[in-house]
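Pasting the structures here.
In the two complexes below, chain A is the common chain; its partner is chain B in one and chain C in the other.
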Partner chain A sequence: MQMLEGRLGWLLLFSVGLLFPLATGNDYHLTVMTTAYIYAIAAIGLNLITGYTGQFNLAHAGFMAIGAYTVGILTVDHQVPFWIAFALAGPVTAAFGIPLGWVSLRLKGHYFSIFTLCVGYILFLVIEKWEGLTHGTVGLIGIPAPSPMGPMTFDSPLSLYYLVFAFLCVGIWVMRRIVNSLLGRTFMAIRNGDELAEALGIRLARDKLLAFLISVLYAGWAGALYAGFIRFLGPGLADTHHTFDMTMYMLVGGLGTLLGPLFGSLIVSWITQYMQPLQEYRFVVFGPILILLVIFVPNGIVGSYLARQARKSSLTASRAVAGNSKSNEKREASDAQD
Partner chain B sequence: MLKIEHLTKQFGGNCAINDVSTTIERGKINAIIGPNGAGKTTFFNLISGMHRPTSGTLTFNGRDITTLRPDEIARLGISRTFQATTLFDMATVLDNLIVGHRLRTRSGLWDVLVGSSRLIEEERICREKARWALEFVGLSHVEDRVAGDITQEQRKRVAFALALTTEPALVLLDEPAGGVNPEETWGLADLIRKMAKSGLTVCLIEHKMDMIMSLSDKIMVLSYGEKIAEGTPSQVRANPAVIDAYLGAEHADIQ
Partner chain C sequence: MDILLQQVLNGLTLGGTYSLVALGLTLVYGILHVPNFAHGAFYMVGAFASHQLMVDWGLNYWVAMLGAACLVALLAALSERLVFHPLRNASGLHPMIAAIGLMLFLEAGAQALWGADFRRMSTPYGGVVDVFGATAPVQRLLIIGGAFTLMLALHLFLTRTISGMTIMATAQSREGASLMGIDATRVGMLTFAISGILAAMAATLYAPIGLVFPSMGNLMITKAFVIIILGGMGSVPGAIVGGLIIGFAEAFSAFYVSTDYKDIVAFALLVVILSLRPQGLFTRGGH
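What follows is the complex of A and B.
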């Protein structure tokens, strides 16, 4: 089991993602998977501010929409090449995220959540009502597919799958770097308690804003991918229920774990697909499942697994000490753990 | 080392600390005692920057720190513990301590993204510092255990260790022996002596009289936000105002 947490585990996951299209060969499955990856990227970002830093942000879908609309408006109304618009999606989202985050993060706990819920809803309203810029409820139609990069073209579901998969890998890689570093420890210290973190010399305002900013960048670029993949945008993308969907992905997979949002996003997306025939009634099924999950598996799937592993190695450590022999392998194993 | 002059803190109409002046003396164990609600924790919150005083000044090593933020004060070398330490229970004890030295490091997001040598070096230093602090408080044997599994007394020691990782000159301990049994209290008192002997200045709030009396070089007594006495343990013990406000009331409860 320990090997699954090391390099081999990553290689395994990567190969599964790489080989998935061979296993299905079905465009519908590819589309479901690609959409799930896009939401996973956004959820991985959300997890940084909510899961690792402990600030429950409910404006995330709004920022995803800002990224998506940046690409949509620039490519459709201003004929900007796709990749330039895509590159700009991050900075534009950040330009909104920094002031909004700065104001919201002055609040703590539930007040922050309620405030960001309102921020998200205002972003939705602005997108819906500002017809001159966003085309309002009509939405943006005819967004070009990502333009070819050298010999690679992105006009088939298969090529788009690999494009999004590549971004997902980059997103996870970057996030892994962050959360395993001193910076990640700083964020987690803030989650453990504002007061203690501050007493340890952590600059709360700055570091919270940094987590918020990185989180929002993930949302922005996930939105930009969404625009290039779905090629139609409506204000619905900014709707609060998307934020709650992403929150659900985090909860199912495990809040504050690296792979939790990805697994959550994949699992929930596929369950949703299979419950398609139930239409609106599927929420009658989803609601209770979520409640049971929060009660009985509060750490999520990945979280519960990691908690069990931590406890196990903790027990081995105490036994090793009792036997007066310190096993260095154990320590290395826990160092490598994510 | 830390000079406190005419310190006053009002919450609305309620005066929590009223015109308190004292000095925390270098290399000594300074204690603050007083009945519940006397304003001891508020006093700590003022010194550590968590609350801003209504009036008065704080001078640390000749520098005015009255209006600084808690993280700035921590960086200058004042570290504090809390009555309850919030640890990340799922992570190991060592993991919980590594962040303590973060304030002495400079790596930012860019170092993280490119995996700079500065980051690697600083992470090594933080880890070493955490190990050193654990060793100092006598908990090296639990470094690999998850924080949720350790005892209350070990938690107290981890809180000390966390304060030590910041490389402080002055350590503020808020009820360091609260909620631990008598034998463990003596162990913690020894640890506090060891901290002072290593060159640290200690200031603590405590309710356990026998511990305070045997440990402290200097005691300040607060009652209703005002300083009513100050001096060596024997001076304080003999002070009628103190017996009246604090010891008398408590002894009356027991006997």
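What follows is the complex of A and C.
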């Protein structure tokens, strides 16, 4: 078990992802997996602001939609090459994210969540109503697939799987660097207590905004991948239900853990696939599951595992301490006899 | 002048309904400090319940309203017991997620039971009367009258009865109320039941001039949140004033600007106001 947490664990996880297409000969499974990866990227971003920094952002799906629509509008209506549009998706999302984040992060706790819920709703309504720009409820049809990069083409489900997988790996690697750095600790300090963090010399407004910005960048690029992969966009992508979906991924896997959102996204996506006939009504099952999870397993899978590990190691540590003190007592006793 | 009066009537209709929904939300927030995202779903269940009772089973409008109120009150009290009570000591994030889970469950459940179609609920009071030169459908007057009667009833309940005063006391200080021998669990369930009654009655009043469908609660709950943020979360008069402000803003902008964007007005108003005054309009001190 110990070995799974080191470099070996990452290698194992990476090779499972790499070899997954060999294990299944089925395009359908590849598509399910690729979609799950795309949502995992967005959920990893959401986890930074919600799980690590403690600000529950309910507009996340809106930012994903901004990234997706950037690619869609540029490629379909303005014939911009896919990768240029893809690269622009990040800056455009950031251009929306910075002012919106600046305004909403002035509010704390519940107020922030409710405010972002409203922001998400505005984004959804604007996308739905501004037909001149977004084609309204008709949606954007015929987004081109990612154009070839050198010898690599992205027209089969297999190549798209690897493309998204590559972005997922980069996304996780960058997030790992962030959360293990001083910056990550800063974010966690903010989560654990605004005032204490401020007293420690953390510039709250700036660092919260930074977490928000990184988080929406993940959402924007996940949306851009979504546009290139699904190749059709409707205003439904900005629906708050998608934010709730991502929240569920995060919670199932573990809030504020690196791999939680990925595992959650994979598990929930596959369960959803097996409940295909229930698609419309999946929340009849997932709603109560979400509530039970919050009540009984609030740390999610990864979080519970880490907590168990921590308990175990503290137990062995205390045993070792107890053992030491016992042998000390013995020695003292024998000293006294001498 | 007629046109202005017409808009005032529309504003009162919308504002009255919004205030009723926001009142339930603000009461629950005052007691539990949980933004109850499922409150919009209570509103939706209320509309479907009265639709079922009145249209499908042929009951009287007022009987249907009473039935829906009882059902939603039960549902709300039950959800307090099963969902929010176990989480009363959890961190801020978890009760919010649980509320979202409850909301998604109720919405999907309503869709499974009643289908995703838009339904109409015709009113037994279809007439039109003339009010100082403006034409007013009787149902709209009914909404205004009903909403303000309910607000008055709530006010009397909260200030004149022991049960009502236990709610106010718990909202002021949970520990203090417990020390006085007030059962916080009972107050929690009572508050949820009242919020359910208000939501169901608002839904039954408003349903004849709107549509009934599973996601009808979403827009309502977001607007109700806007209202209680404007009015100060937990404040009863704030919810009423905030509801009227949003109602009037929507009615006038639907007429003078565009009906397409009237739903955005509430949110735009919130963004503008909170950008200038992060603490809300009627509250002193920050949050």
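Quick notes on this one:
The working rule: the second predicted complex is superposed on the first by the 317 of 338 C-alpha atoms of A that agree within 3 Å, B and C clash if a C-alpha of one lies under 4 Å from a C-alpha of the other, contacts with A are read in each partner's own complex, and residues count from 1 in each chain.
The rule is short, and it goes like this: a contact is a pair of C-beta atoms (placed from the backbone, for glycine too) under 8 Å apart; a residue touches a chain by one contact, two chains touch by 3 or more.
Everything numeric in this text was worked out from a predicted model, so none of it was measured.
Overlaying the two complexes via chain A leaves chain B and chain C side by side, clear of any clash.
When the two structures are aligned on the shared chain, A:F232 is found in touch with neither chain B nor chain C. Contacts of A:P288 after superposition on the shared chain: chain C is touched, whereas chain B is not. In the superposed pair of complexes, A:T240 makes contact with chain C only, with no contact to chain B.
By the document's definition of touching, of the two partners only chain C reaches A:T50; chain B does not.
When both complexes are overlaid on chain A, the residue A:F14 reaches neither chain B nor chain C.
Judged by the touch definition given at the top, the superposed model places A:Y28 against neither chain B nor chain C.
Using the contact criterion defined above for the overlaid structures, shared-chain residue A:L117 touches chain C, although it does not reach chain B. In the superposed model, A:Y274 lies in contact with neither chain B nor chain C. No C-alpha atom of chain B lies closer than 8 Å to any C-alpha atom of chain C in the overlay. Comparing which residues of chain A touch chain B with which touch chain C, the overlap is empty. Interface residues of chain B, counted against chain A in their complex, comprise 48, 50, 69-71, 74-75, 79-80, 82, 85-88, 90-92, 95, 98-100, 102-103, 105, 107-109, 111-113, 115, 119, 122-123, 126, 141-146, 149, 162, 166.
Chain A meets chain C in the complex at residues 50, 54, 56, 103, 106-111, 113-115, 117-119, 121-122, 125-126, 129, 240-241, 244, 247, 251, 255, 280-284, 286-291, 294-295, 298. Contacts from chain C toward chain A in the complex involve residues 33, 35, 83, 86-87, 90, 92-98, 100-109, 111-112, 116, 218-219, 222, 225-226, 229, 233, 260-261, 263-264, 267-268, 270-271, 274-275, 278, 287.
Within the complex formed with chain B, the chain A residues making contact are 174, 177-178, 181-183, 185-186, 188-189, 191-193, 195-196, 198-204, 210, 214, 299, 306-307, 310-311, 313-314, 317-318, 320-321, 330-331, 334.
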